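What follows is a set of structures for review.
Consider the two complexes below, in which chain A is the common component and chain B and chain C are the respective partners.
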Partner chain A sequence: MAAKAVRRLLSEYRELINNETEGIYAGPVSEDNFMLWECLIAGPPDTPFEGGMFSATLKFPDDYPLSPPELKFTCEILHPNVYPDGTVCISILHPPGDDPNMYESASERWSPIQSVEKVLLSVMSMLAEPNDESGANVDASKMFREDRAQYENIVRRCARKTVGL
Partner chain B sequence: MAGSIGIPQLILCAIVAVLFYRYVLSPSQTPGASGSASRRRPRAAVSQNDIESVRVMFPQISVAAIRWDLEKNGSSVSATTEKILNDGFLPEPPASAVRQTPSPLPSSPLGGTGLSQAPVPPLPSSVATTLGHSDLITRYSLHLRLESYRPDGSTVQLSPSPKKNDKASLFIRGRERRDLMILEARKKMEAMLRR
Partner chain C sequence: MDADFPDPTDWIQTPVPGLQALETSLRCQVCKELFTAPKVTSCGHTFCSLCIRRCLSASSKCPTCMKPDEEPRLRDNIVVSELVSSFNTIRKSLLDTLVAKEEARKQAEEEAERDSRTRPKAEKRSSYDLDDDEVMEDAEPVHRPQAKKRRRQDTTTLRKPQETEPPRRSTRTSSQRTNSRAGSSQVIAIPDSDDDDDDFQPIEESSESEFQSSSRAKRKSASRAPDTPTKDSDLFACPLCNRRKDQSTINPHVNRCIEGNRSPSPTPGPANGASSAGTPLRRQPATFSNLSRSQHRAPYTVEEREKLRLPKGNASLAKEADIRKKLRDHGIRCDVKGKETKQILWTRLQEWTNLWNANLDSDNPKLKHVLIKELEAYERSQATQKHSVVQDKDFEREAWSNTHKPGFDALIANARNTVSRKKENGTETSETSDSAAGAKAELNGMDSPEVVEV
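Here is the complex of A and B:
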């Protein structure tokens, strides 16, 4: 089963390297483990994330692409849809069968026709437009709603930190 | 009543005695039976190869820290890798452990960015963070390349040779793309802050 996952991941990797998508990078952490990737997501322009390069890990299950990977930021980040441990909560990372939040339509959720590239692009648009309904980080949601200036301030600081400034 | 002690009881007593001796009096002879036993275990030999393979990925982590973590987890390179990725760092070994591993390479303290670091108040606890996340320049040891990097690409020739698709070439190109993205983002951010 895992061999199938590795084959698929190798072809996704080849695709990502040969057809670069602006603002995202993803690849296995080491050559002998294709089930753990590191990735970079550029902060979208015209948002407080702009200029930051946000790093995350993607952990793939043995039955990938049947089940979705898990995406976890490995940098400081404040966002309503990112749990305090860095795990990202968006519909594309949820298997179609379970809908913990009861608002996602099946088409938005994970299926084998999705890909690493689509996941990363979804995360990028999530950064630009937080989903207020899914409160993975309740404090961040509250700050986003009630004190936007402070939220943006902190996000900007996180963005600077990602590139060591 | 004494007559009621038969052979089954004697056997039971013997078993209890053996178990008592084995698990209570000499825990160090039961490999992996408990945490205290594994801690007392002599340092497992960690091969230089394993240390190198972690170090290649994370040059900013000291050899001593890598060796110590590998010793603790039984030379599992993937466990150590995952730990570094999750935490952003590895704890340095205690002084007693360092003394046995001479000449650990120092983790690169390159910080010569020329930008003043004003003290900033700590981020609120709602910020997703595990303390110790390092920035990307530090994580991938890009300080030296940062000085020569020009965003217009004049110093960089992106794969002039025909693109190869074998695994090794993919990795080389992938890593290069990753580093360039970081350097470019850094330069952009420097420009943004100057405005």
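Here is the complex of A and C:
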């Protein structure tokens, strides 16, 4: 493991546990692998996601923080910007070099000064405000645009499922 | 690991949590460590020399504001460098002092609370009835009147703080001062509860136990304060070390200074700060003190830096032979297997350039062989990418490999058979022997992801 990346992650972890941010919980899966974290993101209030606790894994590359981590939801979730396999498509997780969607401004993208906390906060706001122009999940985007009621119903069901209801 | 891992959040538990913000701004936003050889970009953001060089190699933008920037435009941030070095020297003692103070305060609070609960009961009971507290108090019968007396003295000195404050400043060191402040805040708290002497005792006792040294110092100063006014004007500065001594000690002190030049100059005030501005830069960070001297050299001068600085070069213009030559000139190995040798060598040269240039900026530069080792370690750390796979945390590798071992053994035996059969047939064997070797490797690396997917 990359010693530099591990030290940086250790620092971020201490920061996270000592200054808790509401709705965000994250930490390494095990003590011997700091490059893989699991996290919980609370569904933002006043959205269909409210009340849910969405679990995800964060996988850090060896050259972290030069390259962004990879975020993947491990629970069932319907969202226009989340691929069906759970991988999140959000500008903060894209390195500044490549712009697959050709619309993100550089300032929105990954930079070494971003952190786990900022990534998770961005994901939280992504849940609240989907960007249906860059559909990672085409069906969800279509449903979000055309049949909002059904979309919200499914999302509410997913949210209830995440807390075991 | 936590013990030797200082972090800004350490300050949250102290009485001055605002220090967290101070330390955060003394840390590089990329590596989250205290700045090492801080460099300021043309847009005004500061990073460690190595961090910003690596970032700019990856993408030529400032990590904070994304403005385009390049390495030659980086400048030393001398003030930050001095700040970090002086902060680093006081960090541990400052933290220890503050934590101790906070703990003492909590303990005193608990004690006061416990006392306020037990005291009324004790008063109602008859004098024959001894509870633990009273036994403890009676254990030091001689001590008690003293404590009372001292407390009164303290309150008298506290009532006229403006009279006692100046001599205190001049006669005591800063650590004593902080301690005595902690002690005096203790005493200030007392008049709030009651004016009756008896009520103060346990608190006085607790402060006696915790602030033994400080209250002793206080006692000393309190008794001395009225009759020995050691004003600043009564002190003479030693011509050699600038330390201020009183009349009786100045002569022996000057003699000692002349003989051994033993005493280092005191912390520079604003006047002589400018003359010694270079010294904090040269001070070695605490982390390096454990390393042997042979790994480091004296800091590079500005001229040396300019002369030795390695250029970045251009990936598309550079030829592989040139890259190899450059690496070999620095004594770095060039043995690269597989495809895209140029890419690998180029990355290696870039990382070497970053390490080398950042080392030139360091206050405590490492020798070349140490740097080469670091380069190798860095490459190794970057090569493990494929092993860090997302895996179920409950997955038991041991059990899994035990249950599936027969299957792998059979596979290996199978592969060996094929090889030997093909050898007998005299056909081309390279392909199958490869597969046999592969199977073997898989068994050796039982926990590798490929095996899991078989």
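The definition used in the following text is that the second predicted complex is superposed on the first by the 164 of 165 C-alpha atoms of A that agree within 3 Å, B and C clash if a C-alpha of one lies under 4 Å from a C-alpha of the other, contacts with A are read in each partner's own complex, and residues count from 1 in each chain.
In this section, a residue touches a chain if its C-beta (ideal position, glycine included) is under 8 Å from a C-beta of that chain, and two chains touch if they have at least 3 such contacts.
Remember, it's a predicted structure, so these values are computed and weren't measured experimentally.
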- Task: Once the two structures are overlaid on chain A, check if chain B and chain C clash or fit side by side.
- Result: clash
- Does the superposition put A:I77 against chain B (first), chain C (second), both, or neither? first
- Query: So, does A:G27 touch the first partner chain B, the second partner chain C, both, or neither?
  - Reply: first
- Item | Residue contacts on chain A - larger count, chain B or chain C | B
- Message: For A:P45, using the defined touch cut-off, is the partner it touches chain B, chain C, both, or neither? Pick first, second, both or neither.
- Response: neither
- Look at A:G164 in the shared chain and tell me whether it touches chain B only, chain C only, both, or neither; answer first, second, both or neither. first
- Message: Per the contact definition in the header, classify A:P112: touching chain B only (first), chain C only (second), both, or neither.
- Response: second
- Query: Given the touch rule stated above, what does A:R14 touch, chain B (first), chain C (second), both, or neither?
  - Reply: both
- Message: Quick check for you: in the superposed arrangement, does A:L36 touch first (chain B), second (chain C), both or neither?
- Response: both
- Message: Just checking: does A:S55 make contact with chain B only, chain C only, both, or neither of them? Give me first, second, both or neither.
- Response: first
- Item | Segment of chain B intruding into chain C (one of 3-11, 21-29, 129-137 or 183-191) | 21-29
- Dual-contact residues of chain A, meaning touching chain B and chain C, are 10, 14, 18, 29-30, 33, 36, 38, 57, 72
- Note on the structure: Interface with chain A, chain C side, in the complex: residues 1-2, 5, 7-9, 12, 29-33, 51, 54-55, 58-59, 61, 63-66, 377-378, 381-385, 388, 390-391, 393
- Note which residues of chain A are touching chain C in the complex, please. 1-5, 7-8, 10-12, 14-15, 18-19, 29-30, 33, 35-36, 38, 57, 59-63, 65-67, 72, 95-97, 106-107, 111-113
- Of all residues in chain B, those that touch chain A in their complex: 53, 57, 77-78, 81-82, 85-86, 88, 113, 115, 120, 123-130, 133, 135-139, 163, 165, 167-168, 170-171, 173-175, 177-178, 181-182, 185-186, 188-190, 192-193
- In their complex, what parts of chain A are in touch with chain B? 10, 13-14, 16-18, 20, 25, 27-31, 33, 36, 38, 40, 42, 50-53, 55, 57, 72-79, 82-86, 137, 139-140, 143, 154, 157-165
